[in-house]
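Order of writing sets the labels: A, B, C and D. Residues in every chain begin at 1.
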């Protein structure tokens, strides 16, 4: 019996009991747009920021092209992801937001135990919801990073329309946001690609489903709730 | 918003741990690199500024027949190398696209110029000079003697129809030749800017 | 080469703008379209083609006219904010004290302009590169005076060794203060000591200059804190990942990941 | 400003008197805002103050000026008119402005300055009317400020006066400078290093072109121009004195060579004679064109359509010509008057030929600066395109004209055919300069120095301009470039060549005492070398004869070019050397040298400008200059045009802008004409800085941007609030930076020397 969180009428779909739908199409789309845009922005942005990366810009046709790409992709980064909160079925985006800002005791315990996990050992923490404490922090970094990097980026883009004092502050803010997000991304990628224990979560962001086993072990609270909903419907 | 110098130094202290990712700030000091001077290989011509009557010295740097730079002549006692904005700008006269570079003629009633040759231009002017000179020649003036009341005739050898304005804008030799030209062809009406 | 200095003695300046023309002549910069702004001033700000211009301020107090004229150009700061802000190491400082932009390196990021307390560098929109007064570095390196100094007929601009000229400037200040008590030197300490140093007849604010120009705090924070610390953070994250992979490897987690996760879930 | 700043650093005080607070004023210790055209009144007050308080240099005044000479009993000044005025011709008969002569025809000398007939007493009486209070009422400068100026100037000796067109472009032009001269003579500031009166002349070669007499009333070297009643050279000498004989003959030899012989009066009859009743000055020439008299106009390097006052007259004149020939670098407004916006091009039948002229650095030649330095420069570049130096143009033109007259036996054509005109196939500037320097006509060799020229018998030497004699006598001295200044006084005697005879400071005899020794040890120019019996020194001695010591009559003369040999506080009509017994042949007697005359009075008197906001407080019935020549027909009244307009140049542009408005860099730093007005006036008419304003006079109106400034203040004249509006005049309808011409507004009214009153006329102003 697969658990479907998306379709209210489960009778219409065949349910595979071995997997659980974790991310809808919309969520996956916004994640990947955000992710790809982020990498493009990071790559082109570093070209502007540092001489170390400038030679690499030749790959995209030079630094001026890189700057253009940076600005163009910045629009995608902001607009497309932003739109997902309003078009299609935005409920899950809002739920995600609500969830990450609801940082519980259980989340905190997860975070404290996490370093052990990170290095392949076993941490002890209570059952986690759809997003565990670590994911919530990653999300928060992403949310705040995106907001600050967007706002500061706009100030930098339209520098002549803002007072120099503000523009001057935009640079460190932009840079700091980038650093935080980059650091988070490194961890995020490790966990989903190289961390044997967390790695199965990747499937959820690819086809939407995670194994029931993974869901039960890593997000027990969520799994139980979804199962209840399923059973009650 | 800004930090004082002391604050700056304090904050700088934090930078020592800069990490070699390329993000770190690398205070670059230019190595003494050779700055080539565009004047190399040019010939210097002293000249005199063409604006006011101060007679400031200018130095022209000419390379392969082209004026490449113009500045005040440092050896000149009047200006010691300096020039006013007008003098400083005189390079631009040498190759100004707005200079007149060919003789031209505007026919009576015409609304445009036509380029003509030097030969034609000089011919036209010479012929007109002769024509006006001959037509407006005054052999004598009649003057009433203030004491006797008698009208007397005096030879004056003068053309009344030609006037020449110029010039404080040309060299002495040219001014002189204009002066001589006018009096020899019979016109005393040679005036120029000194009057005004 | 030793540290040089240009002494801009505004008490001698007559606002003739010859420096402006000489600068454009030497640096082969074209004229731009202007109109009168205030008094005899026709240029409002630096542009990629205007590296120096004349400002005019008329202050009438107690039936006395203070007709203040000042040549504006890059100060060539000892502690140059533009240099610090430059993202591509395009800005450098010579031993003689000149701050110059290498246009082969400049990428037009604009950090220099925004961080300069005087807003000096300006971008050429055509080639996206930043331009400003070079101090006529190629003249100076070849033992000539900068073009503006060379042409200054009232003697308001002087070029020489910083140690020597600074002394002269201070002597001149004492003289000028007899008639202009508000006169002051600007650039001795400011920005670590500027290469173009002024004798102003009034407070810097009257001339539209910051009273106490410094490297912006935001820039210091950015370049000296955020970037190095950020570098550590990003590097740290990378290192943590490496250690994580190694740890997992050593623990043999990659071989039995499924079991582990099961075990873990049960724990 | 370079040298002013330097003088200031050495402790000099700088005084600036100007209708507006200028950049120069910002460097001054003392500034006074003056109503345009009232200089004589405040200078008169200073003269009065010097005389009343005995601040003059007594020794100098007694020995080096005409203070003691007795003025004719007929001389008078009543109600603003000097004796001899003819209201019909608006001219003075100057006989009564002479001296009382002794039996030797020399002026009588008073025993003391207090003698009622002495020049000094006349001066004192004349200026006693000029009090500081009167001067304040007329000029708008506070009395206390004038006193401060007087005190400062009298204390800071030697003091020098720098002036430019702000002083001369008035109907009282010459007299303003005469007032300076009187002050400087009283203070003993003439002939000394650091003294003098210095004209900051405007054009690159205006000194040289004046020397070369591109002026209808003189010949090269300041020789008086022959008039119609001068049938022979002797008549000319009767009018002008024997002093000029040698120089005129030398000039005729230079012009007609071997065709100028004693037998044919050296070709004196070849010279066209002027009619003294006709005013042929620059501004008047356009009337001659408009009336159809002048049919052909050559215009070399000037732009009268922009530069002339009431310039509408110029357009009218040019349109009446058969042909206009223009030689210039750029297509100036004058060259294209036929297509000025608003004119009917097709109706203008004037043929226009434009020659492309070479620029200063594209030709060899000399320019003479304001210090009389004749400076040579080699051509650095080839002329652009087909451009040619004016030397070649004039040369080619003359050769063509001569060809057209070839074979003519008509008397009138003789000067053309007989002229000496040989500067080579391609004329050489050096050859022309050598003609100026002078030849020994017998040997055809250059005369080495001016002394050699002066020694040569009449007719044996030629020079195109006698004051330039010797400039190339020992090599091309104008090309010298040694900038050593051993005296430290800025003489630079080995740099180029100063006329006459490389004297750098004229009248320098006045820097010595009666023993011929320098008065000021720090500023030694020349001295009498007792051992060698010769005048020597760091400068060339400006003395009659270097071997005549200070105890001889010649050696006493401090102003040798004046007939009295001294400086003239009172410009008397006087001819020196008149023989006691008339010539036996019954012909009129010939004197030696006449004194320079100011035909509008022997001493400066204040007159209001032709257009003035008030009447003359000193003599309301004769308010303006009684000898001014008013040409403009439209004259404004202060009821309709209540404000005073003064015009000037800007540092960024030159003259009529023919060159500078075609230089983009200069257009960038001064892009447009403007009107400077006080904040008071701006408030009254409701405009703010940067607004456009329309300025109008009786003759025209133009619209320009307003500069609202505290550098101009409202002031009181005769108790009435008055405003001055300042406008530069360098713009015209053509060029890269076209703009309205201020000379649409100005008035054509001339001082007796022909200088127009650009500096004062009446206008109105409103927001546009």
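Just a few scattered comments:
Here, a contact is a pair of C-beta atoms (placed from the backbone, for glycine too) under 8 Å apart; a residue touches a chain by one contact, two chains touch by 3 or more.
What you are looking at is a predicted structure, and each value in this text was computed from that prediction instead of being measured.
Every chain gets a centre from its CA atoms, and the centre nearest the mean of all protein CA atoms is that of B.
Across the structure, the highest number of inter-chain C-beta contacts is found for B-D. One inter-chain figure worth recording: chain A and chain B are separated by 71 Å, centre to centre, where each centre is the mean of the chain's CA atoms.
Rounded to whole angstrom, the centroid-to-centroid distance between chain C and chain D, based on C-alpha atoms, equals 51 Å. Chain geometry summary: the mean Cα position of chain B and that of chain D are 22 Å apart. Separating the CA-averaged centres of chain A and chain D is a span of 87 Å.
Shown for chain D are the residues that touch two or more other chains, namely 2, 651-652, 664-666, 669. Along chain A, residues 49-51, 165, 168 each make contact with two or more other chains.
In chain C, 16-17, 20-21, 25, 89, 153, 155, 216, 218, 221, 227, 230-231, 234 are the positions where the chain touches two or more neighbouring chains simultaneously.
Across the interface of their complex, chain C is touched by residues 1-2, 4-6, 9, 21, 23-27, 29, 31, 650-652, 664-672, 674, 689-690, 705, 707, 709-711 of chain D.
Residue ranges on chain C touching chain A, taken from their complex, read 85, 87-89, 105, 107-111, 114-115, 119, 128, 216, 218-219, 221-222, 226-227, 230-231, 233-234, 236-238, 240-241, 243-245, 247-248, 250-251, 253-254, 257, 260-267.
Residues of chain B that touch chain D in their complex: 45-55, 57-58, 60, 62, 65, 67, 75-80, 82, 84-86, 88-90, 92-96, 98-111, 113, 116, 118, 121-130, 132, 135-137, 139, 141, 143, 154-181, 183-196. Per the touch definition, chain B reaches chain C in the complex via residues 1-5, 7-8, 11-12, 14-21, 23-30, 32, 34-38, 69-72, 74, 79, 81-85, 87-89, 91-92. Every residue of chain C that touches chain D in the complex is listed here, in rising order: 11-12, 14-17, 20-21, 24-25, 30-40, 42-43, 54, 58, 60, 65-67, 69, 153-155, 175, 179.
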